[in-house]
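The structure under discussion is supplied below as structure tokens; questions concerning it will follow.
Chain naming follows the written order as A, B, C and D, and within any one chain the residues start at number 1.
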Amino acid sequence: MNPAPKTAAPRAALNPLNHIPAQILCAQDYEFLARQFIAGPSYAYIAGGSEHDITAEANLRAFAEGCVQPRLLCDVRDAHTRLNLAGLDLPHPLLLAPVAFQKLVHPAGELETARAAAAMQSVLAVSTLASQPLESVASVPGVYAWFQLYFQPDRAVTLDLLQRASAAGYRAILLTLDASIQVPSFRAHRAGFVMPEHCRPENLAGYPAVTASQPATGESRIFQGVMRHAPRWDDLAWLQAQTDLPIWVKGVLHPDDAVALRERGVSGLVVSNHGGRTLDGAPASLSVLPAIRKAEGDDYPVMLDSGIRSGMDVFKAIALGADAVMIGRLQVYALAVAGALGVAHMLKLLREELEICMAMSGCANLQAVRQTRLFPSPIE
Amino acid sequence: MNPAPKTAAPRAALNPLNHIPAQILCAQDYEFLARQFIAGPSYAYIAGGSEHDITAEANLRAFAEGCVQPRLLCDVRDAHTRLNLAGLDLPHPLLLAPVAFQKLVHPAGELETARAAAAMQSVLAVSTLASQPLESVASVPGVYAWFQLYFQPDRAVTLDLLQRASAAGYRAILLTLDASIQVPSFRAHRAGFVMPEHCRPENLAGYPAVTASQPATGESRIFQGVMRHAPRWDDLAWLQAQTDLPIWVKGVLHPDDAVALRERGVSGLVVSNHGGRTLDGAPASLSVLPAIRKAEGDDYPVMLDSGIRSGMDVFKAIALGADAVMIGRLQVYALAVAGALGVAHMLKLLREELEICMAMSGCANLQAVRQTRLFPSPIE
Amino acid sequence: MNPAPKTAAPRAALNPLNHIPAQILCAQDYEFLARQFIAGPSYAYIAGGSEHDITAEANLRAFAEGCVQPRLLCDVRDAHTRLNLAGLDLPHPLLLAPVAFQKLVHPAGELETARAAAAMQSVLAVSTLASQPLESVASVPGVYAWFQLYFQPDRAVTLDLLQRASAAGYRAILLTLDASIQVPSFRAHRAGFVMPEHCRPENLAGYPAVTASQPATGESRIFQGVMRHAPRWDDLAWLQAQTDLPIWVKGVLHPDDAVALRERGVSGLVVSNHGGRTLDGAPASLSVLPAIRKAEGDDYPVMLDSGIRSGMDVFKAIALGADAVMIGRLQVYALAVAGALGVAHMLKLLREELEICMAMSGCANLQAVRQTRLFPSPIE
Amino acid sequence: MNPAPKTAAPRAALNPLNHIPAQILCAQDYEFLARQFIAGPSYAYIAGGSEHDITAEANLRAFAEGCVQPRLLCDVRDAHTRLNLAGLDLPHPLLLAPVAFQKLVHPAGELETARAAAAMQSVLAVSTLASQPLESVASVPGVYAWFQLYFQPDRAVTLDLLQRASAAGYRAILLTLDASIQVPSFRAHRAGFVMPEHCRPENLAGYPAVTASQPATGESRIFQGVMRHAPRWDDLAWLQAQTDLPIWVKGVLHPDDAVALRERGVSGLVVSNHGGRTLDGAPASLSVLPAIRKAEGDDYPVMLDSGIRSGMDVFKAIALGADAVMIGRLQVYALAVAGALGVAHMLKLLREELEICMAMSGCANLQAVRQTRLFPSPIE
């Protein structure tokens, strides 16, 4: 037994529990407890958004608007949280978002997360920048995984990643498009964070190093430098031609992009600002969700990530237009505290919190949640 | 004489005063003073809402919106606070809300509250979970009481409670419908609160223990577990068939529920979120009141509870659509400080505060308050 | 010379300066500096509003809304702050509000204020509850004074006050109608304030003591007690019949009252909530001003008091509909710091601050200020 | 090497670095770091606005409204920040605002700033109140400068300044019209700031001292004193007749003034409240920009200053109607930290921050930024 004392200093060495700590009352408690299980600079890196955390904080604040209005005397004995997401039957709408470098908080990293995903029948999105090889993660028994893809500067590398993912049994490609430019976290920087040696992008280990292209004199380091390698619409078309796997796109914040992606045959979207980790000053994911749902119509698959901390947050996201949500930071916090057990427990808590909201607001299924209006409704 | 020193530490042993303390200037002062008369964990349990106190705090904030606009030169020499509530003549619109386990703050618990109710001609709602038997409370001389009913898992038990209440002289059933799921208070939990041995639900003492039904594998602990015993519309119909007593429903937050309850013959409603003690994230009671009043029309009996701390709050609740209000936490605080004397004094202060608002805004009766618009009006 | 050290503790004995302190940069600085010249409990009494100071604080916050939009290249060489207020030519729109018991902060009390009023050609309103006799105040050379009247329980006393004021040369009656009920200041009470012996209502000294009427059993202490003596419309009519002096009414907060008073021949109004000292929870004076001006039309005399701390506040009050303003608390603070000199200096600073606003926004006179719209305009 | 320790006390002697400090991550970091390079009273003078800093703070807050909505898959390989500003081709929209007395923070003062302007191809506006002679500043190799003009009490002096500026090669006159009255900064005053001996208005050194005109008795020190020398429309017409240089006007906050200036042939405007240093209580520059742009039409040159701290702020200013922006305080902070190198580095950071916003929102040029709507849009 190894109880986590409430006042422990942050630990330098990772030492996750092998049991569920008694002080966890709700899913968000993993966020608070994780401070005791993650070294300070690493915690700053994980918790921080880009630059000043403006968008990271806006993500949380957005969920404070709108209330869930309880209903009385409803019959929810046959209620459930099942959904069909683009043809896939799921027991609940809680997917695990792609998170890079999970060895930062747990010695087994992504393998533990995969075990939790399998236990909870949760779709797992594995990052291109995972600290465990994509093949190892996919081989965890019972896991149902999607591969999160970043376009690589060299199309051959991108293609190889795609083929490896397909060969390893990944069921879909989750293409992240909002991170063409790496924007630093000032919070992580001030905390002195540097990625430790043992956290490497294992999936990219075998590929030749890319020489960053240098802009010519008078050219912009951004426009003619970094952005030269940023994905464009023709890259998406190329990718679609290389694979039969469904392709989802993550990082959508504008209705016009949402419409264009749907029209080009993308399987579904994740409305996301990368947890506030790309453009600091971008709107909260939840804030743009209603307009995107409206632009896409009721039936197109749309998920939300960024800012979910409770089952009520999940309820609100669905009420405002999401079919399902992806869980990022809570996943990392739970992983740090208690490995696979923690992640599974966190998902179970989130699900029950969602079920309580549904039961008390008389929603017998997620379709009913989708038709619920928050009070006062932010959409109108 | 036993004055309460201003800086006293919270007391472990209950020691209510037998006089009104000099430092009480307004009804809300009982809230502040009660910290010296209630043990810390118990205070956390009483003051706290469910989970993060979001709704409990929203209840208070809602009363900060809208101002009472003074009027000049009005004749209020014949003014009064009388009302007819569903046929019942009352001298003022301040009812005592059902509060469980009152022995937690006073050795005589509900008996003291009943004495105050009798003294102030205030309707007393006695909780199913009272720590004194319902028969004892009803036998306090001069008391006019309603019985607050929770549906029990076994209809026979519910029926027996109903018959006992009727036999003991209760005048109405106040059916609480918003608490199908017990949501814990994180504040109380963090404070280490556990209900003391001597606080028992005396009314339920004689009934067989109920075995909680266990959901089957793959079923939800919420939907197929807890909610299996939650009341449904047919339970209400069944209850109505068992008694001739008027039935009021407490816990209404949605206009559609309000309409349905009226159409089914319920005598009146209490708009309430249980003082923020059920679904954390539900709207403030006051915020949903105008829409409910509008849905019910002007004449249907509607009360409000949750958040009242002053006579001006009472004024605002009535101006926004309530016929009367129920007082919960202030009742407990006053009980803790000075027993029946405290509760009666608190009611007297509330009433005078209401009268001052009426006098200064030129309202000679509660009907005039109902027709008053707050500035700026939150309804329009 | 007796400079006020910045960190001095509050003084028990009044010791106003006989010069203008160097650290005063703007009119509001008298508010801050006065803490060093007024005993703590007295300061709490003066600064506090009724009960929780909700309205007192709202008065200040209301002035933070709306900006003054500068204009360029305007010719203001002939600009001035003159006005004609109900037939009276004034050099500036800054009147001195009635403030009771001024000996609380200065040994000579109202006599000093009168000297400042004379020096600055400011109309002085002398309180029924002045701590100097109304005759003495009126005899200060050069003073132009109005008599602030509270209706007395006995009409004979009211009439006598009226006749004394007329005989002493007061030019108008300023009838305060918003204080039928004395609402205590919790701040003053907590600070232990009691009115000192030497602060007496000198004007009422000679009249027989009034026995407060006691409500009968079952009657309300408010409605059948205090309010029995509150003024009503027929009292106003009676008063109008007793005097040829113009009658102004102070304490108007509702457009319907404003219209009724105008229709009954009252000479002008003061929109006021008594500096937040009557009904706590009433709206800010400034907030109700636009609707009252709209109800009265452009030409009826309307003043504002409550919350003025700067010349920009004066500008905003006029832009929102006031013809002039009354200065209450700043008058007391300046009196405490430096007697007549302080009050005169405070008025001079306010006037220059107003002139700066006018000059920078291109307003050559107060009529132009009245036609200015704030940005963003709170009226529309 | 001379690294700036993080906890250093403010320095009395100026000691700018001759390298770029490592801790600068973004342009705004110069603001924070500058506290270590500027004496406390001087910092208060520079950072403070007039009086209570209300407008100075509003300038910053205004930029917190509205989000930049990222776009996906855009091709920005040919993107740039070039613009044509009233016929002048510029590589970026970042101009250096006129700032007086730059020797206050750097021994070489304006000469250093001019070197940075030349290096970054940034238009430099040199203040009438520069602490280096206008001729010296203009002679810095490669500089492209405008002369900021304050009307002088004596037209002959104004004319001489104009002719000197023309002779020295200044390309335009930037006429500041919002500072007819000097409003003190209470923050600077409380900090004990006095302008040091070595900071003199060198450009005015050779002219005869002006005797301030004294208002007659009964006249206003403001209207008949200070404002007697304030510029008026005929002064503008006179000025236009004296020079062929383009004349821009700085300090516009009202659409009617903007229209009038355009109609009189002024070449362009700077929407500005002087960084909050003139009328305290004036609106934020950004807040009035949309209405001014709307009044002027799409093509008239309009710049914004006051409140810019980041490239995202620049993006927002352009999206709300500006063609370009002027940088004031950041210029001074960077000058204090590292002289010309600091100012150039600050401009480079701002430009890259702007480019990142453009790249991530899919804007290939400033015209596209102008057509972007912020989320949620403050204009509609």
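Heads up, the rule we're going with is that a residue touches a chain if its C-beta (ideal position, glycine included) is under 8 Å from a C-beta of that chain, and two chains touch if they have at least 3 such contacts.
This one's a predicted model, so the numbers in the text were calculated from it and none came from an experiment.
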Topological distance between chain A and chain C, in contact steps: 2
Interface residue overlap between copies chain A and chain D, same or different (over half shared): different
Label of the chain whose CA centroid is most distant from the centroid of chain C: A
Separation of chain B from chain D, taking each centre as the mean of its C-alpha atoms, in whole Å: 61
Distance between the centres, which are taken as Cα means, of chain C and chain B, whole angstrom: 43
Graph class of chain-chain contacts, one of line, ring, star, complete, other: ring
Touching pairs among all chains present in the structure: A-B, A-D, B-C, C-D
Sites on chain C touched by chain B in the complex: 51, 55, 58, 177-178, 180-181, 183-184, 186, 189, 220-224, 226-228, 230-233, 235-236, 249, 251-254, 256-257, 261, 273, 278-283, 287-288
Parts of chain A lying in touch with chain B, wherever the complex brings them together: 25-26, 67-81, 312, 352, 355-361, 375-376
